[in-house]
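Every chain is named by a letter (A, B, C and D) in the order it is written, and numbering of its residues begins at 1.
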Amino acid sequence: MSLAKIFRENPDRRYIMFGGKGGLGKTTFSAATGYWLAKQGKRVLVFSVDPQASLSDIFRRDIFGKGAVEIMPNLYAQEIDADQHIREYQEEIRQKIRDMYGFDEIPEEIESYIQAASAEPAMEESAIFDQVVDIVVAGEFDYYIYDLVPLGHALYYLSMASVYDQWISKITKLREEMREYEQMAARVSRNKELQEDKILEELQDIRYRISTSSSILTDPQKTAFFFALVPEEMILIDTEKAAKLFARYQVPISGYIVNRIIPPAVAQSEHAPAYLRNRYEMQKKYLRQIDEKFGKEVLAQVEEMERDVTGLNMIERMAQAMFGEETLE
Amino acid sequence: MAAVVLLIALAVAYVGYKFYAVKIDRQVIEANPKKATPAVMYNDGVDFMPASGSVLFGYQFKSIAALGPIVGPIVAVQWGWLPAFLWLMLGVLFIGWVQDYAAAMMAMRNDGLTMGGLAYKFISPRARGILLAFLYFYLLLIMGAFGAVVAGLLSNPVVPIGLLILTLAGILAGQMTYRWKMDLVMTTIVTVLIALIGIWLGTTGAAQDIVKAINAMAGTGDKHILYNTPYGPMTWPKFFWGIVALAFCYLGSVLPIWRFAQPVNYVSFWFVALGLVGSVLGVFVAALFGTTNVSFQIPAFVTWNQPKLGWLWPMLFVTISCGAISGWHSLVSTAGTARQLEKETDALPVGAGAMFTEAVLATMALIFAATAIAKPDGSILYDAKNMYFLKTGAGGIWMYGMARFLSWIPGISPAMGGAIGAIFLAVMALTVMQLVLRFMRVASAELVGDKIPAFKNPHVGTIVAILFTFLILWTAFWQRIWVLFGGANQLFAGLALLLITIWLASEGRKYAWAFWPAVFMYATTVMALLVVAWKSFVAMGSAKGAAFAFGNAVAGLIGLFLAITAIVLAIDGLKSLAKAKQKAAARAGD
Amino acid sequence: MNAQNALTMREFMDSKPQMKYIFFGGKGGVGKTVLAGAAAVAMAQRGKRVLLASTNPVHSLSGMLGQDVFGKATPVEGVPNLWAHEIDTRETIERSKQEIKEKIEWFLKYAEIKGRADEFVESATMNPAFEESAMFENMIEIMFKDEYDFYVFDTAPTANARRLLGMSSVYSLWVNKMMQSRKEAQQMKLKLSFSRKKEEEDPLMDYLISFRDRMERAKVLLTDPEKTAFFFVTLPEALPIAVIKRFINWFEEFGIPIGGVVVNMRIDPSQVSEQADEFVRNRVKMQAEYMEEIDRLFGPMVRAVLPLFETEIRGIDMLKRTASLLFA
Amino acid sequence: MTEEEKRSFLKRMLQSIQDVIYGMASHDMARQALKTRGSMEHLFILITMGDLLGVPILPPYYSLRLLPYVVPQISTWKRRMLRERDLTDALA
């Protein structure tokens, strides 16, 4: 099974994620996969949900907080600026209050609440989460590639979705019960017209958005989740641990991509430095282990490049290394 | 005669409202329709919610009209019907509406505070504490007094089956409205019809036989007397049906309010309405067409000193505990109505209007009592040979009256009319008892819940209150309890009037119209309570057994306790009144 | 190859005798855990009682040390005076949820709410912020307990670390607003009270005050340049450099003292002969370019440059070796 | 009184009678249901934005989206939460 084949055989998997520990090349894989898909005429958005986003660095363009920026035809990249999103969110709320009640100015107490709310520790993460939901729900692209970066982070997002889901279910339930009592009263007083519960509508909307985005994450029909790893012992241990954690959130793993394999030719050449030879021997051992453990689930083996991957040229080379000459068709 | 008395009552109500109440409202209180009421200002959808005047009139009337206006006059005619009638008319005219209306006004002008908060604010922190303790005993007495009446009603063979089916119809009504979400009109038609059939079934021979069998379970005649109390024998039926009545209240108190208490009340409301409207019309139909004997059979005046009840003053004034005036109303006016009035000017039609209407209802009860001293079958209701002693339960008189005055409606047999009357009465009593029990439960959780966590459990608080009620129910003679209850009730009214007086004085308004009624109520009720206490303590001495002594001791102590707290409150109150006057004068001098 | 004016790791530590809390952060995969471990070993070897704690939600201390250190401070085999601890937040989360629930219930007692409040009160504790702050709470608790002479924290990838350390500022803002609201509420309560009785106790206020004090204390500790230092780990590669460049600014905003930069996985050019493959030579060349950039950007802050080892670093012996290089 | 006035007078009378009957029969039922609803509403505001009263509940991100709808109720909510209660309140 090759990486390209996975894409070919599952055309509905339009949400692509690369998981794994930090520094294993997930951002690189994201960019390269985006490049490969875009080259074949798909509209692709690569976006980073990590505040320490590296997409700007890898594409060598400052895209932070600028929305979806076109990198090349069909390929867009976006780095979410949480602070900006929070500011917009706050302003949206203010505007809504002004519109609803015809205020010229937001009452001081309300304003202070709006400001205090952004001082909440999870605000930034939540804002990014919300922005992702926005992007996904808008549905303007053929493929979405999440640059999740660190593992803990990815898990954090999943758990955030489930926390919000629980929260929203609970308070929606409360709201629905309230509605029942309201209807009771209306029946008893034979009051035919009952006003809509705006809050309930809003809650249902939020709930829809959250569940849409979290269902995408956990739906193997729609999502491809790839794990990046390198042939080192600690990484192997952690990868297995992580795979278990992801399983807990019902995230199906589509396959593994092995990165940073030292090219045998280089390692075996007589002038190869000692560190490289040693590392090569070490990698051989773990590559065997990888093969035993994941076997067919390994979709690509990518060799270490002579330099770090930044800029479209290197990204193209990486895409080549990942997908070979294969195409989507 | 009956129609004349009823017309006089209507006339008094009209004149009193039009020429006295309206004047006070406009000139002294200066009700302002434009002033924002707490219901509007603080509309929080929970405690404060505005409702229209007519709705609140209905609400207030339903909430204040319980057993008081009915049982009181029936007992009080033992002194003769005229003193009772005079007290009803003069009482409502000069005292009754004043309290109901002014209490609502006072709460409204004080941010919707209830009696406890008002007592704290206008008298003293101690006053609030005493008031709450007082309230607990007062409510306990309501439970005892009303419970005894309901037990008496239920022991009548035509009543229990009808009430049971009506209760089931009520539960069904709750299910239909709240769970099955059916239309209210449909629900009403179905459930009222079921209840009506149920009441009819209850009057059939077979159903009566069942109840009779239950009543005879502990034997008949002398054998069904379980034990003697200082005031007479405790019979098995009364004992048994007392349990049933309290079990009913227990359900009403602990079940979700929409499951039991409310829908049952709702279904029975239609019978209350039918009974009320039917019998008022019945009085006139009887007067015009002579279908029923409506000449008064009890003399206008019997005696100054009723051997069982005591002197006309003060005892008559506490016997008729509603209809003329009742402390209960100030609780309804402050906690219930004042927080719903959307205009200040609605307080008068709601507070005073409902009170005057209640006086008319009490007059009906008076007519029922005064027109019948014996049934056609010869059973005696009031013993003409023996100072017109009441020979049956007050409920029995009411049932009999209803039976006669409803019989003008084609298709309603005397038994059916009686059953409707009984259910009318029982439901009115049970409604208040359920509310009281709920309150006592909350009170015990609040007062001792922190020290004894068990009281936070709703069942514990309810059961404890019920046990107290049994104690009263099973040890004391209900007429004494009734008088004690009346005393507490009227004293509470005196207290409310005192509070109103202080409030008026503090605002620099004329207050004599509340002050003198307060003085009169105080003097009368404290005296009555002391008399009851004294009588009870004296009766303890008679060697009639431990239950005897215990019952009397309880009654005596309660009476004494209430009288003492009332005096303490009066002293605090008068001090506050003096202070309020000074302050108001100082303000006026500025 | 250190810039002339840069203090080495050893010199830096010697110049700050009171130094007590050091943190290691950087982009994922740069070797934070290893360097934190090495620093801890080095300090333990200097005779201090050292705690090596991981605040990364996905811990790797156990893997690196080859022993289970999850959930509690565990003595590290083979290194006297060294304890390691992978912080478990689950218990803290539960505890703080419980605490909040109690506070709400206390409040509800006064407000008298009908219906089944309990079921819904629970939802007030459903907030990702609990998870977020639990790690911070645990971290400062360990710091306050003061059971060790020296603390080395292996933080999560930088973004988390930044917020973790910045949390005291964020929380101070929040708690101050909250106290203001609480004060206003108390005043309003007094105004609405018919008895005009002043509330003798207000557990909510007590909670907020103790919370604020804790945050203040944490802030004082975290921003004391004599006691605290944050070290960034980078590779001679574009992405990790870009990341720490960005983060150094952020850290300065929060006032968290920066201890310096450690460069990791530098290929020793002397090992690479002229005849080596072009691949290898290119890499060395690339690293040299980035070393220059590092020198330009962080020059005086560079505390050490560590070589790329021939194997991955695992186990105590490797750590000791790294430690001796880090504190060369 | 014109015919028109008579009709509107009758209409008002009828409405009043209806209201009185409603007041006696079902007003309390409707009111209790609304009270329960209102209570739950207050609980709702408390658990979503309790920090308005200094109750240390971190407002989840999405609470803010509910804020505009809650604005008109904040003052009555605060009042009810902070008002001193008396036992006699429970009689209503």
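Just so it is clear, a residue touches a chain if its C-beta (ideal position, glycine included) is under 8 Å from a C-beta of that chain, and two chains touch if they have at least 3 such contacts.
Source: prediction; values computed, not measured.
When chain centres are taken as C-alpha averages, the shortest distance to the whole-protein C-alpha average belongs to D.
The distance from the centre of chain A to the centre of chain D, with each centre set as the mean of the Cα atoms, comes to 44 Å. Chain C and chain D have Cα centroids lying 49 Å from one another. The distance from the centre of chain A to the centre of chain B, with each centre set as the mean of the Cα atoms, comes to 70 Å. Centre-to-centre, using mean CA coordinates, chain B is 29 Å away from chain D. Counting only residues that touch two or more partner chains, chain B has 113, 117, 120, 177, 184, 258.
Counting partners per residue, chain C has 115, 120, 123, 126-129, 174, 177-178, 180-181, 194-195 as the residues that reach two or more other chains. Counting partner chains per residue, chain D shows two or more touched chains at residues 22, 26-27, 29, 31, 33-37, 39-44, 47-48, 51-52, 58, 60, 79-80, 83-84, 86. Judged by the touch criterion defined above, the protein chains are all mutually in contact, each touching every other.
Within the complex formed with chain A, the residues of chain C that make contact are 27-30, 56-58, 60, 63-64, 115, 119-120, 122-123, 126-129, 131-133, 136, 156-160, 163, 167, 170-171, 173-174, 177-178, 180-181, 237-240, 242-243, 246-247, 267-268, 271-273, 275-280, 282-283, 286, 307-312, 314. Against chain D, in their complex, chain A makes its touches with residues 89-90, 93, 96-97, 100-101, 107, 109-110, 113-114, 116-117, 120-123, 126-127, 129-130, 164, 167-168, 171, 174-175, 177-178, 181-182, 184-185, 188-189, 198-199, 202-203, 206. Residue ranges on chain D touching chain A, taken from their complex, read 22, 26-27, 29-31, 33-34, 36-37, 40-41, 43-44, 47-49, 51-52, 58-72, 74.
If you check the complex, the residues on chain A that touch chain B are 183-184, 187-188, 190.
Those residues of chain C lying in contact with chain B across their complex are 194-195.
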